[in-house]
Structure formats: C-alpha cells, structure tokens
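Supplied in structure tokens, the structure appears directly below.
Each chain gets a letter, A, B and C, in the order it is written, and its residues are counted from 1.
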Amino acid sequence: MTALVLSVLLVILILLRIPVTFAIMISGLLGLIVIGRGDVIDGVLETIPASSVNSFTLSAIPLFIFMAQLILLSGLLDSLFDAARSVVGRVRGGTAVAAVGAGTAFAAVSGSSTASAATLAFTSVGRMIDEGYNPKTASGIVAAVGTLAAMIPPSIALVFYAITAETSVGDQLIAGFLPGILLALAIIVTMYITILRKTDSAPRGKRTALSEKTSSIVKASPILILFAAVVGSIYIGVATPTEAAALGCLAAFLLAAVYRRATFEGLINSVMETVKSTAMIFAVIISAHVFGHFITETKVAPTIVEWIEGLAFPAFAIMLIIGLFYVVLGFFMDQIAIIALTVPIVAPVVEALGYDLIWFGILVVVLAEIGLVTPPLGLNVFVVSKSAGRPVGEVFRGAIPYVVALLTVALIFLIWPEIVLWIPESR
Amino acid sequence: MNDADHNPMLLRLNRSGKARRTSFGYETDDHPRLDRVENVISYTAGVTAGLALVLMVLITCIEVFSRAVFGQPLGWNVSFTERYLLVGSAFFGIVTAYRTGAHVAVTSVFGMLPLRVQKTLQIMTHAMVSVIFALLFWYGLQAALNAAATGEIPPKGATELPIPEWIWRAFIPLGSIMGMTIAVVDLYREITAPWGVLATDYDPGDNFKEDEE
Amino acid sequence: AGPGVDSDDVTLKFAEGFSASHPIAANGSMYFLDRLREEGPDVGISVEFYPSSQLGSFEDVPTMLSSGIADISDVVPAYLSAQLPLSSAFDLPGYTTDSCVGAAAVSRSVAEGSTAREQEIEQLGVRPLWSVLLTGYELMTSEPTTDPHGRQGAILRSPGGAVDRVVDAMGAAGVSMPLGDMYEAASRGTVDGTVASPTSMAPYKLAEVLPNSTIGAELGSVAVLYSISEQQWSELNDEQRVVVTEAAEATEQNLCAKLNELLPEAQDQMEKDGTTLHRLTPDQKSEWAQEVSMPARENWRSDLTDMGLPAEAVLEEWEAALRKEESADE
C-alpha cells in the first residue's frame, strides 16, 4: 500500500515538473521515512550513490553517446541520407523511405534513440517539408525512426537492461538485430498506409542517374568503418562489447577528423553534450536504486510475484498485462528510469512464467520506446520538435500511427517469442 | 513567434526565454554576478566530467590495443574506470546538467497553472533539489571521511591501483556541494524576486508569459 | 536494561549477497534461516531474508551492517580488498581443498584476539558468525596445459583479490572483466581463460568456449565471513546469542560438508558438459605448488608487509589454524 501511495506521489511530482531524477529520489527517501526506516537513510546514501555507478559495463553508455555525438559532428548522416535518397529514386514517398533507410543504417552505429532522432530530424525533416510533405508526417516519421537505434545493436537501453537483468550483454545486443529490422519494416509499412490515405502528403522522390547513385553511396561508405570498429572488433575477439564502444568513439573521431569537421569547438561541444546526457542517465540510475531500496524494504515485490504466480490466468495473459503496464509507464518516464525501477521486480515474474529474459529485454525496450513518442513525456518528440523547429503537438500527432506500429510489433514478439530468440539461440 | 512557442508540451531543453544560454549555464540581466558564480561552478564541474569521459575513451582503447597487439593488458583499467571515471562523470556531470536545464522534466501541466502556483512550485523544486544535494554531500562526505580514517587502500600487487579510496569517494561530496550551491542560489533568486515574476525559469519554453513581467 | 539483560523481541534482517540458489546460500544461509525460524521464536528472534544483493552489493556490506540496513550479511574479503586486505590470506592458493578444514580454520583465524580480527574486522564493527571457504579454484582455458607456466603470456580473466597474484605467478596477464562478458570474450578469444571455482562455474557451461580445466592445481579459495553487526549483537540477550551462535556453528558444518560433496560433482558436471579435465599427478601438483602457490603467497606477504600491515602474523595464524584443523580431522 505504501509502495502504491509513493508511486502515485512519484507520478504527481513528475507531472509538476520536478526533474524526474529528483522526483524518484524524493519519493524513495520519503517512502523509507513513512515505513519507519528513516534510520537507514544514512547507510543508503553512503552506499548507493557510489555502488550504483561502480560497474564497468555502464561505461558503454557514455561511450555510445559520445560516439553518436562524434558521428553527428562528422556529418556522416547527411551523406547517408543523400545516398538513401538517390538509391530510392523516384518512388512515391521516396525521401521518407530514405529517411527510414538512413535512420536504420545510423541505428547500426548509434546506441541512443534520442540522439538518433535529433540527428535525423536535423538532417531530413526540413528537406521533406520543402519537398511538400505534410510537416506532421515528416516529423512523426523521424521521431519513430529514432527508436530503431535502441533496438539495432549497439544500444544503450539493451546494455542497461542486460546489466539490470543480469543477462549476457553480447547476447542481449545481438538479440536486438532482427527485431530492429522488423521495426524498420513496420515503420515503412505504416508510412505507406498513412500515405495511401492522403496522397498529397508524400511526393515522389527525385530520379537519379546510376553514376549519381554510386558516388553518393561511396560518400556514405565510411559508416562501414564505424560498423567494423564496433561489431567487427567484438566478432574477431579484439574487444568485449563494453570495450567496443571506446573503439567506436575513436573511429568516429577519426572520421570527423578526415571530414575536417573535428574543430576544437565542435569536439568540446560533443564532449559536453555527452557529459550532460550521461550525467542525466546516471542520476536516474542512482535515484532508481534509492527508490528500489525502499521497494525492497516494503517487501511488496515478492508479494506481487507470489500473487501473480497464484493467478489462474495463462502466462500469456499475465505478460499482456505486464506489457500494458510498461506502455503506461512510458507516458511519464524515460527508458532508463523504467528499466531501473521495474526490471529487478518484474524479471523474476517473467522467469517464473517460463519466458526468456533476453526476449523480455527486447519487449521492454520496444515498449519503453513507445513512451519516447507519447505525451506528456516523449523525449524523441521533444528533440525532433527542437531540431526541426516544429511544434511539439504536431510531432506527437504525427507519431500516433507509429505508436500503433510499435504496439503491433510488440504484440507479435509477445505471441511469437521465437522470432526474437532465433538469432541468439542459433549462435 | 512561430508555432513552436505556442506549444503546450515542451521539455526544458535549449530554448532561450529571457535568459541567454551559454555552454555551461545562463546569463540574465537581473543578477549577472550570481550568474557568474553559478556558471563558473558549472564550468569547473563540466570540464572535470569531460576529462573523465575523454580518459574513459583513451584508457579503454589503450587497454584493447596493448592487449590485442602486445598481449599486455593494463589490468587496472577496469577498477580505475569504475571508481574514478564513472563516479567522476556522474557527480561532476550532474552539476552541469542541472545548471543547463538538461534534466528530463514534464512541462505540460506546469504550463497550464497560474503564475503564482508556478512560482510556488518553482520554489519547492529548488528547495527539494537543494535538500537532496545537501544529503548527497553530507553522506558522501561521511563515506569519504570514513575511508580516510580507516586508511582504506587496495593492496599492492592486485589489479587495482593502490590509491587511497577516499580520493574517488570525495568526488561525490564535491560534486554534490557544487550542485547544492547552484540550487541554493536559484532558491534565493526565486524567493527574493517579486511575486509576479518567475525569476529562475531560465529555459521556460512556452511557459514563459511575456505579458506578466 | 543493559546489553545481555534486554529481552525485547528482535527482527534480524539478513542480507544475502548471493542468489538463494547459489550453493553457498542454498546450503548455508537457507539452513541458518530454517534453524532460526525454528528456534528463534522461543527467544524472541524473527528473521527477514533478502537474497541476491537486494539490500546492497558485496562492496557495501560493511556500511549496510554499520548503518542498520542489515543485521547479518556476508562479508567477503575478496570484494573488500581495501578494507580487509589481511583477510585475503585465506584466499591464497595451495592450502586446502577441504571446505570443512578451511571453514574451521577461517573461523579460528578471525576469532577474538586474532590479528585479522583486531587489525581490520573489528574496525568494520562486525562480528563473524560462521565462515565459508569455497575451495578448489582451477585454471580453465581454451588451450590445454598441465604445466604451471604453460599459459605464460596468456590473457586470463581474474575475479580479483588473491587470484591476481596467482595469474601473475603463472606469467599470464590478468584482466578484470564482468562475468557477463566472460562467455563472449572467451568464445571470441578476447581472453584465453580464467581462474575460477568449479562449484560456482559449473552452471555457466563454459565447456564450449573453455574446453580445458586443470584439476588439482589448487589455485585459491574464496572466504566468506557471515557476520552480524556489533550494534545488533550488543542488543541481543544471552539466550538469543546462544541460539544465534549455535545456529551459526551448525550452518558452518552443514555448508562445508555440502561444499565438499559439490566440488567433485561440479567437476563431473563440467566433464559431462564437454570440458577435458587435466588431473594433475602428485609430481605436477608439487610443481604447481612450487611455481605458483609459493610465489603468490610470498608476493602477498611482502606486498602487504611493505604497506605496514602485519601480514606475517596473519599468515602464521592461518597456517597454524589449518594444521590444527587438519590434525583434528584425521
């Protein structure tokens, strides 16, 4: 009961514009006082702030963010977008398809969904609107495409899930590959469905000569170097998945240098943007651990687990309810907070129901990604709105069809877990 | 004013209201001196966290190269990254993130509230953040002092570097007191400003009400 | 009422770092819990159990105990190298593979009046209740070897603590790496092997990636000191102390006997999963002792002595305790 009251308080504080991190921390500390364990606050605050970030695997988070910032600096995404556009040519909705294609390729070297959406918006939304796309359609697509970065490896969300659920980081990352491709297809299909309903919103692409196609592909080919640095170094055994992130940063830096974009100012800006995003994520992790300590002390988690196991519902129905719970959380919280707050409690239930934790990681990340494009807290929508200079409400409305698409894909994963587990289990 | 300024849902991200944005904070016409205090703290913390990030990249790359090419891993890189670089980037980075309004927050409900309620909430927020930073400072200090008093130091000959433990532990109270200073200055500025003015809503997005100045 | 006279009911919070299914918890902590749940109510003791580091990590255990987050928890010197450097003596290689001899010797070496107790354990404000020695660490590698220097220059994952010195003595290079990265790293050849306990590694099915293991190299142990906070202890009355102490003693014996059964079972399991076990001959064993165990211990002794710690005294007490327990065993 106390746990429920404090969780409601947490949501109220978040809605009152208390920064999410501080809202979580305050609710956790108040909760400890309410249940009469105020005397352990000293111990909690002497241990958790240090030990919740004292994990080497966590270093992949700042490193993947830094890598994305350096790629942004290098201007590679512009080349990717141009290449995709010229390859697609005179197809209806060509530029939008190109944005999805460039976003998918970019996802293979970017670990951050939000950074990916911001970068993509900067590059492509303006161009799509200029070509006559409905601004709502253009910005909505980009906000949704950004979410691919959290599914196709590398992915910060999957790394953090693996740390929290204690699954293998390598397996968890590789498991995201196929679902990521499916998500990309779902986004394209959704885009065409919206286009067919309103033909004016998606003009044809530009016809391009073969030579033009070739030269633009060559210009975008350095993405392969980045991909090789991250995935290749893991595959040939030079680096662990955690270390590969640092090699990715090095490769992205060299790329920016070769493209003559690595100015002192640009580099400082990349570092500072990374520092801020990292600190936000780490602060959320620390706060979530404090709140988690309160939840542990209430002993509510084992009660819930027992209760669910005692239910006469089939496992599938319970998983469906858990899935809906994640969609609701996504309205108010960001991915890291959702994973840090819920996975330690929900993972044992999922295992008890006979589901695989690697699979669950994919499901949780898809569902938490939906939260990135739903109000009131939809980070991808916020950054797209900012980068593209479009109103937030418009982007939220434009993203609605993709929310449906992501939900459908999540449902498919729920019904056929083997789709997700096929690659990790066949290795 | 473009469409975006009328929007009901905005994150406090990089949007200039009355205040001018700088890389590490804001400048206003009301309190240039206090601005400078806050921005210098934010700058110092940001540079420190930035160094930690760059070191993280370098040390990890050196570890990979020296292991793969020479068969000579550093060994100490993991514990050094865990203790110094991750803790450093978290607790110094949080200062800059807070000062530049990078923390994630929901603004839609706030934007619909009357100005005085907004101001009350703003004061409440600054007070809560100050208290949390103060608690992190105080208990972080206890942990660091305790490590110093008992002379905690990893023994020689293991993979950890034999550096006294209180040094990395001190990053937590140091970063926290810097964050607390910023929050307390904001609290002071908000309280001392007239009732009709939101004085510390540096990045108000559309919540900034021009006509109510 | 002062300490020892107070008869108030008490709830002991037991924070277990291992998961409830880990052999150390399943045969130790769970046994202790059962005993306390049976005999505790008569003297006003109830107990709450929090497994899997729910209340805090291994590194945080001393603070958890001193701040009252938990009353009983597992103090693991290998995870607390800065706070309990001397107690890592019990983890050094080549002493014993018998968990019962080991656990009893550890308890003797941390008893009141011992150097380790006075030098560092008392400073943490904790009181050891029962000890565990998870013995029989072996070298698990991609390439087979029975020679102590056969993996010279190899890159081996070290779980830390005393094993760092063992890896060093083999002429290999130690890396620390989260256990979660281990399988991937071994399968890709990022690391050539690890030094680990068959008992705790058997469930990880490493055979596919590290198909070779020595048996009999005795490359170290991990000591666990299940402890109660001095604060909580001082609040227990005499009857309660007797119940807790007797339960703890029984737990130590039950657990060590189980671990002694589990070690060969775990080795068999590894073999069944496809690991080639390289059982060392007596000659090879003494070669490993000469070339690896002795230098690792010597290195530990001199490094800690250089830091101004009474390493010599702790090592002597530890060796004397082992001799005593071994002769009592015969």
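Throughout what follows, a residue touches a chain if its C-beta (ideal position, glycine included) is under 8 Å from a C-beta of that chain, and two chains touch if they have at least 3 such contacts.
Since this is a predicted model, take the numbers as computed values, not measurements.
Peer 1: Give the label of the chain whose average Cα location is farthest from that of chain B.
Peer 2: The most remote chain is C.
Peer 1: Taking the mean of all protein CA atoms as the centre, name the chain whose own CA mean is closest to it.
Peer 2: Chain nearest the overall C-alpha centroid, as shown: A.
Peer 1: Between A-B and B-C, which chain pair is linked by the larger number of C-beta contacts?
Peer 2: Result: the pair with more contacts is A-B.
Peer 1: Mind checking the centre-to-centre distance between chain B and chain C? Centres are C-alpha means, answer in whole Å.
Peer 2: Their C-alpha centroids are separated by 40 Å.
Peer 1: Could you state the distance in Å from the CA-based centre of chain A to that of chain B?
Peer 2: Whole-Å distance between the two chain centres: 23.
Peer 1: What are the residue numbers in chain B that touch two or more other chains?
Peer 2: 78, 143
Peer 1: Could you pull out the residues of chain C that touch at least 2 other chains?
Peer 2: Where chain C meets two or more other chains at a single residue, that happens at 63, 176-177.
Peer 1: Which positions in chain A are in touch with at least two other chains?
Peer 2: Residues 42, 46-47, 54-56, 238-239, 242 of chain A touch two or more partner chains.
Peer 1: Where on chain C is chain B touching in the complex?
Peer 2: 63, 81-83, 85, 88, 123, 153, 155, 158, 160-161, 164-165, 168, 173-177, 299-300, 303-304, 306-307, 309
Peer 1: Which residues of chain B touch chain C once you look at their complex with the stated criterion?
Peer 2: Those in contact with chain C are residues 67, 71-73, 75, 78-79, 143, 147, 150, 152-160, 162, 165.
Peer 1: Flag every residue of chain A that touches chain C in the complex, lowest number first.
Peer 2: The touching residues are 39-40, 42-44, 46-48, 51, 54-57, 162-163, 166-171, 234-242, 293, 296, 299, 344.
Peer 1: Which residues of chain B touch chain A in their complex?
Peer 2: 2-4, 6-11, 13-15, 23-24, 46, 49-50, 53-54, 56-57, 60-61, 63-64, 68, 78, 81-83, 85-87, 89-98, 100, 102-110, 121, 124-125, 128-129, 132, 135-136, 138-140, 142-143, 146, 169, 172
Peer 1: Touching chain A in the complex: which residues of chain C?
Peer 2: Touching chain A: residues 48, 50, 54-57, 59-60, 63-64, 66-69, 176-178, 180-181, 183-185, 188-190 of chain C.
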